[in-house]
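Several structures are given next for inspection.
Two complexes are shown next, each including chain A; its partner changes from chain B in the first to chain C in the second.
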Partner chain A sequence: MTERVWEVFRQEDEGDPMVHAGNVNAPDEELAVHYAREFYGRRGESHRLWVVPRDAVTELDDPDLLKPPFDRSHKRPGGYIIKHKLERAKERARGDAT
Partner chain B sequence: MTTESVAPALDPGARDALAELVLSLADDEFIIGFWDSEWTGIAPMLEEDVATSSIAQDEIGHAKALYELLAELTDDDADRIAFGRSIADYRHAALLNHARGDWAFSAARRYLYETADAVRLTAVAASAHPGLAALAGKMRREETYHLLHADAWLRRLADGAEDGRRRFAESLRQLWPDAQQVFAPLGAGEGLDREGWLPKPMPELHAAWLERVRPVLEPITGELPAASPDAGGRTRRTDDFAWLHGEFTRVSGSEEGALW
Partner chain C sequence: MNDADTIQPLGGPQRYAAGDADAFFAHVGSGGKVEADDWMPDEYRAAVLKFVEMHANSELMGVLPERDWIMRAPNLRRKLALTSKIQDEVGHAQLLYRVAEDLGKPRTEMLADLLAGKTKFHNVFHYPTKSWADVGIIAWLVDAAAIVSQQALRDSSYAPYARTMKKICWEESVHIMHGRDVVLTLMNGTTSQRAMVQEALDRWWGPLMQMHGPPTDPAKDKDLHWKIKSKNNEQLRQEFLSIYVPRILELGLSIPDPELRHDPDEGRWHYTEPDWAGLKSVVTGHGPASEERLEFRRVNFAETQWVRDALLGSATAAA
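The block that comes next holds the complex of A and B.
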């Protein structure tokens, strides 16, 4: 039997994110599901499993796209650091009040 | 266990009939669990090794629960029943007298056993004994997966390469007469009916199993001979079983009564 690699994702409880658990070798989907259940669910630790053939996964690992050389800090959700500006603004506001 | 309220009320005849039924179920699960655990470390692939070992553990877990129920009924000890009997006192079906053989042989036996066990458990889950019925209901939930796994291997071997298909078909034909013995009549047959411990008689369960497996197996094996359960189906023992008995009693026999 030719084996394929299947990536397994598991969810601990309803509503939790699906997290990559690991992978299994299996010749087809049916046995892949059985083996995923044995490896990542036989102790009652999983609420749900996703079993995906590895070749169905589109991979992106190009550093030019993912880790470009220029400063990317302005794209982070934190954005600009405004802590000090905010403190100065508060001081000004207090000064106005007195 | 939920048997405390029931056990004291049983008259000895009814209790003995129930005990014989529970022992036959327990020994079947115990012995197939031990044979299949012989694959640990050497199954065809790592994943299958884990799956087979885990299923074997499940079967021994079912046997443990059944031996505990039996120990309550007969005021005995579950470990004593499991490990403390001589070869002649085991009551598993003749199907489980054989060593594991090659992978096709073990897969053939698992298919025959799981299908027969499924038919039998459906009846036992409706037993008039509430403790046994509840236990059978729980076992059926795990056996669902065992059956899927056995069925997956049946199709792979039957539809696969010539060598595997031939070995699988030969194993099925070899095991066929002994597989009938899962439904061998128990000594307490009448008592089982009268008390409702087994709500359907063995011949009816046997017929239901044949109806289910013949159409699946005969395209693989060719026509299978007429074969029937017989009175010795749970008492005949073999050298293979004598060897296994030596294996699984070795530790408990090394120091009798030791606590673990």
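The block that comes next holds the complex of A and C.
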């Protein structure tokens, strides 16, 4: 009898994101759900669990795609340093600029 | 012109190619993490497996001294708390065997090795318990000594282990409170109850001081080098003493070590050198309760075989 690995995701409270909790080893879905409940929900610490066969997870960890070696700061709010530009624009609007 | 208006090349995190052991060790040495499916050198895999398997064994064997007290717990709330702690500890064993399984050793093999005495478990679980105060001292101080090491393992380079430690530490903190509550209740009781706690502390102090293991040469400690663990044995023992000696003394208990003192100049505790030869003998299966505990596990494993057969068998039939 072969057992399978099932990944367990946990939602702590209604509306929270599903967060990876860990995994269990079980021969079928029914037992996987029982084990997941025992390990990740027996204290009332979970609002919802997702139990997913590990082989159903498709992974992408290619750094060329996820961490490409180019500046991506234009995609993030922190990539825009506007403090001095804003000051100058305000000065100009006030008519201080020469 | 502002730098933010130009395109900058980024350094990016240090990566390693499969098969490149030097780059791998540079990665973990600089604080990098490893996932179960990542390539890793065999010696790293073997070291993590050995570490996690010993931890799992300890959780599984550690419930046996406490199990003896379920039927003797002084009231229903204590009985529920103790049963719940035992369930937690067995759960920790299951979580840790799961981590170890992903490193390539099947659970059945790990259990077989444990039952055959081929693999080890922590020294403190090789001793008998003699009174209800032992249950309090174990839950308070043995779990406290364990949590000091486990908290340091939350930074382990092997990420699935580190994540499991976060969950385990959270549960252990409940056990410490339960143990401290048991001890406090006894200390606020009768003279003979206080004497019972002192006797228990006297019994457990030696094993507690041995628990983190002898000081090792950090330069030669591969587990440290590869950041499988982040603190050495002596650091853990010093940390345990700093937190718990004051908490023990404030209750009016005395610690059975005339050499124990804190040197503020050196910033460290001095203590009578623990019996390291005795520790080695105990963890290799020659402790006062080693054989009895292993025999209990063997009988229990044989008696519960039908449950595993039924669960796995019915799943086969349904599939």
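Everything that follows uses one rule, which is that the second predicted complex is superposed on the first by the 90 of 98 C-alpha atoms of A that agree within 3 Å, B and C clash if a C-alpha of one lies under 4 Å from a C-alpha of the other, contacts with A are read in each partner's own complex, and residues count from 1 in each chain.
Here is the rule we use: a contact is a pair of C-beta atoms (placed from the backbone, for glycine too) under 8 Å apart; a residue touches a chain by one contact, two chains touch by 3 or more.
Computed from a predicted structure; not experimentally measured.
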| item | value |
| --- | --- |
| Which superposed partner A:N25 touches (first chain B, second chain C, both, neither) | both |
| Touched chain A residues, chain B compared with chain C | C |
| First, second, both or neither for A:K67, with chain B first and chain C second | second |
| First (chain B), second (chain C), both or neither touched by A:E38 | both |
| First (chain B), second (chain C), both or neither touched by A:I81 | second |
| Which superposed partner A:E59 touches (first chain B, second chain C, both, neither) | second |
| Intersection of the chain A residues that touch chain B with those that touch chain C | 1, 3, 24-25, 27, 31, 38-39, 42 |
| Interfacial residue positions of chain A with respect to chain B in the complex | 1, 3, 24-27, 30-31, 34-35, 37-39, 42 |
| Residues of chain A touching chain C in the complex | 1, 3, 5, 21-25, 27-28, 31, 38-39, 42, 59, 63, 67, 69-73, 79-81, 84-85 |
| Touch list for chain B against partner chain A, complex | 45-48, 50-51, 54, 145, 148-149, 152, 156, 160 |
| Chain A-touching residues of chain C, taken from the complex the two chains share | 2-4, 7-10, 12-13, 15, 37, 87, 91, 94-95, 98, 101-102, 107, 163-164, 167, 311-313, 315-316, 318-319 |
